[in-house]
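Structures for review follow.
The two complexes that follow have chain A in common; it is paired with chain B in the first and with chain C in the second.
Presenting the complex of A and B:
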C-alpha cells in the first residue's frame, strides 16, 4: 500500500517535472551563457569594440551592452520634451564606433531586432572608406 | 509592524515611487529654463518681398523636405503674400509665416498621444518618436504651420540634425536644438547675414531683451489673436 503510493507520487512528479525541465532548459542555458559563465562572451564574436574600450563612454561596457536602449529612451524624452541636453546622445556614439554595420547591426541582426533609429538619425552604415555591407 | 503603521509606511512608499520620476522631470524642466519664454518678432518693414534666405536656411539646417510636389512639400517657414483689400491703398504684404508657438497650442490639445507638447520655455515641439501620424494637428492648427511627411525625405543636407521619416507630422520648433546651445535659430542668422535683420528671437519674459523692447516700442500685431491661441510670433508693419 505505502510503496504503491510512493511509486504513484513518483510517477506523477516525473510527469510534471520532466517536461518542465525540458521547457526551462533553454532558459537555463541562456542564464548560464549570459550571466554565470564569465569566459563565454558571444558578443565579442561579432561586435567590434573600439581600440580603447570604455575610454570616455558614458557607462561601462556591460551596462551599455544590455541597457543602452533604456538609456537612449530616457535621454530621448529628456531632450525632446524637456530640452535637457547632457553629454549622452546618439550622435556621440559615432565618435568611438564609426561603423554602424560593425557596431549596431551585427548584434541586432543576431537577435532579430530592427531598431528604427537610423531612418532619421544620421549614422552611416560603414565608416568613410569602408564598404557598406548591409542596407539598414 | 502594526496595521496602522504598515498602512502609513506603505502609503508613503507608494507616494514616493509615484512622485519620484515626476519630480525628477519637473526638476529637469526647471533647469532647462522655466523662466525663459521664447518668442519672435518679424519686422516686415525690413523684410524684402523677394528674399527667401530664412526659408532656405531652415531647409538646410532642419532637413525640411522639398519634393517638388506642392501637395507633399514641407515648409517650416514660408513666405506668404497677402493683399489688404479692406485698406484704401490695397497694398501687398509679403510675410514669413511659421509656427506661432501658441501659449494655448491647439495642435498639442488635439494630439491623442501627446507627441506634440509645449516645452517649459514655450516652444511647441513634436516628439516624432511618439507621433502616430493621425494628422489631427494639421487640421487643428489655424496657421497651416503643420505639415505631414507623406513620403520619405531622401535629402539630408545637415547630418548633425535628424530628419523625419514617412508618416509623422512636423513643424517649426524655433530651432530648439540651437537655442539650447545658446545659438540663434537658423532663419534669424540667415536673415541677419542677408542684411535684413527682420527676424528677432528672444526671451519674452526678460523686459531688457531686444524682443521685449521691440514689442514695447512698436505697434505689433499677431495673426488671428481672436482665436485665443495666444501666438508668440509678433509682426511689425502687418
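Presenting the complex of A and C:
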C-alpha cells in the first residue's frame, strides 16, 4: 500500500514533505529578502512627518495617528447626512500632508486597507512640479 | 480504590496457570459504559479485531486484550497500556467484529480516561470534559482578557511595557489589543499549561514504562532514534494510511494537522517580531494580505477548517464511526474550527474596517484561542503529547506495526486466495 507514489516520491514522504515545504516557504522568502537580496526596496510603513509638526492641526498628533479615520468618518457623516459643514475638510489636510502617496497610501497598503476617501475626493500633490503617484 | 486494585492485581498472562484474582474497578466500568454503552461487554474474545488491525504489533496485539481488561474493570492496566494509544480508531476492528462490540469505541473512551487520569490539576480535567462547566470555562478567559484590555494602560505603565511608537504607525488592532499585552497574557498561561501538561505526561510515561518492564519488555532502541522514527510517522501520517474504514481521516487529519502547524509557525513569527533577525524594523502588523506570512496563515486557516468540516461530516453522516462521538470529541473539534472561523471573521472585519465589530470579533477569537490552548492538557488536544509518548515508548520497546492483514500479505507473496 505504501508503495503508491505521488508526484514521483513515496506516498508517505509526499504527505509530510509537500505541506512542510509550503509551511517553510515564507521563511525561505524572508531569508532571501534579508540575506541574499542586496537591493530590496523595503518600503517601510513609517510616518512621513510634515515639515512643521502639528502646526494648527485639527487634533493633536497622537489622536490623529490612532483615530484620524474615525474623525474623517464623523465629519463625513456630519456633512453628508446632517448638511453641517465645519472647519474640518480634506482640503486642509493637504497643507501639511501634500503627498497622498506618502501620507496615506504607504501605511494603508502595508495592511491591505485601501483608503476610501479618494474614490470621490480630489487630493492632488500640493507642491508645484511634484507628481502625485496614484495607485489606481 | 485504585491502590487496592493495583496491589491485588497479579501479573498478566501468568505462566503455569496461577490463579488470577480479578478485582474490578466498578466506577471505571460505569464511566466507560456511560460514555460508549455496554457493547464492549459483548466481546467473546475471538481475536478478529487484533487480527484485522493493521497497526497492532505481532506480539500481544491489541485490541482484544484491552476489551477484556475493560470488562474486568482493570483500570490501572488500561491506563498504563501504550497500545491504547497505538490505536488510531480506524474502526476496521469494529466493522469486522462478529459481536458488534466496537473495540474502536472502547479504546477511544480509555484514551479519554487516560488524559483525565493523568492531567493535573484533576478538577480542571473534570470540568473541561463536563458540558455543565463550558460556560464557566469560557467566562474565565473572557473576564480575564476583558480586565487586561480594560486596564492595559495602567498595566503597561506600571510594568514599563508600552514602548513609544516613535514615527511608527500604530494600527487600530495594536492600540486596542496591543501585542505586548496579548503576548504577556498568553505567555503567562502558556507557562501554566506547560507545567500542567508536562506533569501529566511524565506520570503517564513513568507508569507506561514501569508496566512495560514488568511485562518483561526490553528496551531495544534508544529514545532519540525512537522519537525521530515517531515524528516521521506522525508527519507522514503513516498510521492513518493503514486505515481502511476511517479512510477519510488520511485526508482530514493532515489538513487539520498541517493547517494548525502553519498557524503555529506564523504565530511564533509574529510573537518573536521584536527579537527575530528576519523581521527587523519593517515588521508590520496586521500583515498585508499578500505578505508571504499572511498567505501562509490564510492557507493554514483554510486547511484547519477543511479538515474539521471533513471530520464533522464523517462524525455526523459518515460510516466510519459507530457513534457521533461525545462531548470530549466535539468540544475539541468545535473549539478548533471556531478558532479558525473567528480568525477569518476578524480578518474580514478588518478589511471592511467595521468598528468596534472587528475588535469584538478579535476578542471572541482570543477567548477561543485561550480555550484551545489553556485547556489543552485536559481536552482531546492532549493527544498530541500522550499519543506521541506512547508511540515513542512502543518504538523503543520494539512494538512495531504488525504485518498487513492476511489477504494483503498473501497477495504480496503471490499466493492464491483460499
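Keep in mind that, in the parts below, the second predicted complex is superposed on the first by the 82 of 136 C-alpha atoms of A that agree within 3 Å, B and C clash if a C-alpha of one lies under 4 Å from a C-alpha of the other, contacts with A are read in each partner's own complex, and residues count from 1 in each chain.
One rule holds for everything that comes next: a residue touches a chain if its C-beta (ideal position, glycine included) is under 8 Å from a C-beta of that chain, and two chains touch if they have at least 3 such contacts.
Just so you know, these numbers come straight off a predicted model, no measurement behind them.
Undergrad: According to the stated criteria, A:29 is in contact with first (chain B), second (chain C), both, or neither; which is it?
TA: Second partner only.
Undergrad: Just to be sure I read the superposition right, which of the two partners does A:66 touch: chain B = first, chain C = second, or both, or neither?
TA: second
Undergrad: Touch test for A:113: chain B only (first), chain C only (second), both, or neither?
TA: Touch status of A:113: second partner only.
Undergrad: Hey, is it chain B or chain C that touches more of chain A?
TA: Between chain B and chain C, C touches the greater number of residues in chain A.
Undergrad: For A:82 in the superposed arrangement: first (chain B), second (chain C), both or neither?
TA: A:82: touches chain B, not chain C.
Undergrad: Show which residues of chain B lie in contact with chain A when the two form their complex.
TA: For chain B paired with chain A, touching residues are 25, 28-29, 31-33, 117, 119-121, 123, 125, 127-129, 152, 156, 159-160, 162-165, 176-177, 180-181.
Undergrad: Over in the complex, which chain C residues touch chain A? Could you list them?
TA: Residues of chain C touching chain A: 165, 167-172, 175, 232, 235-238, 241-242, 254, 258, 261-262, 265-266, 269, 277-282, 284, 286-293, 295-296, 299-300, 350-351, 353, 355, 404, 408.
Undergrad: Along chain A, where are the residues that touch chain B in the complex?
TA: Touching chain B from chain A are residues 76-78, 80-85, 91, 116, 119-122.
Undergrad: If we count contacts the way the header does, which residues on chain A are in touch with chain C in the complex?
TA: Residues 1-2, 11-13, 15-16, 19-20, 22-23, 25-27, 29-31, 34, 42, 44-47, 49, 65-66, 69-70, 107, 109-113.
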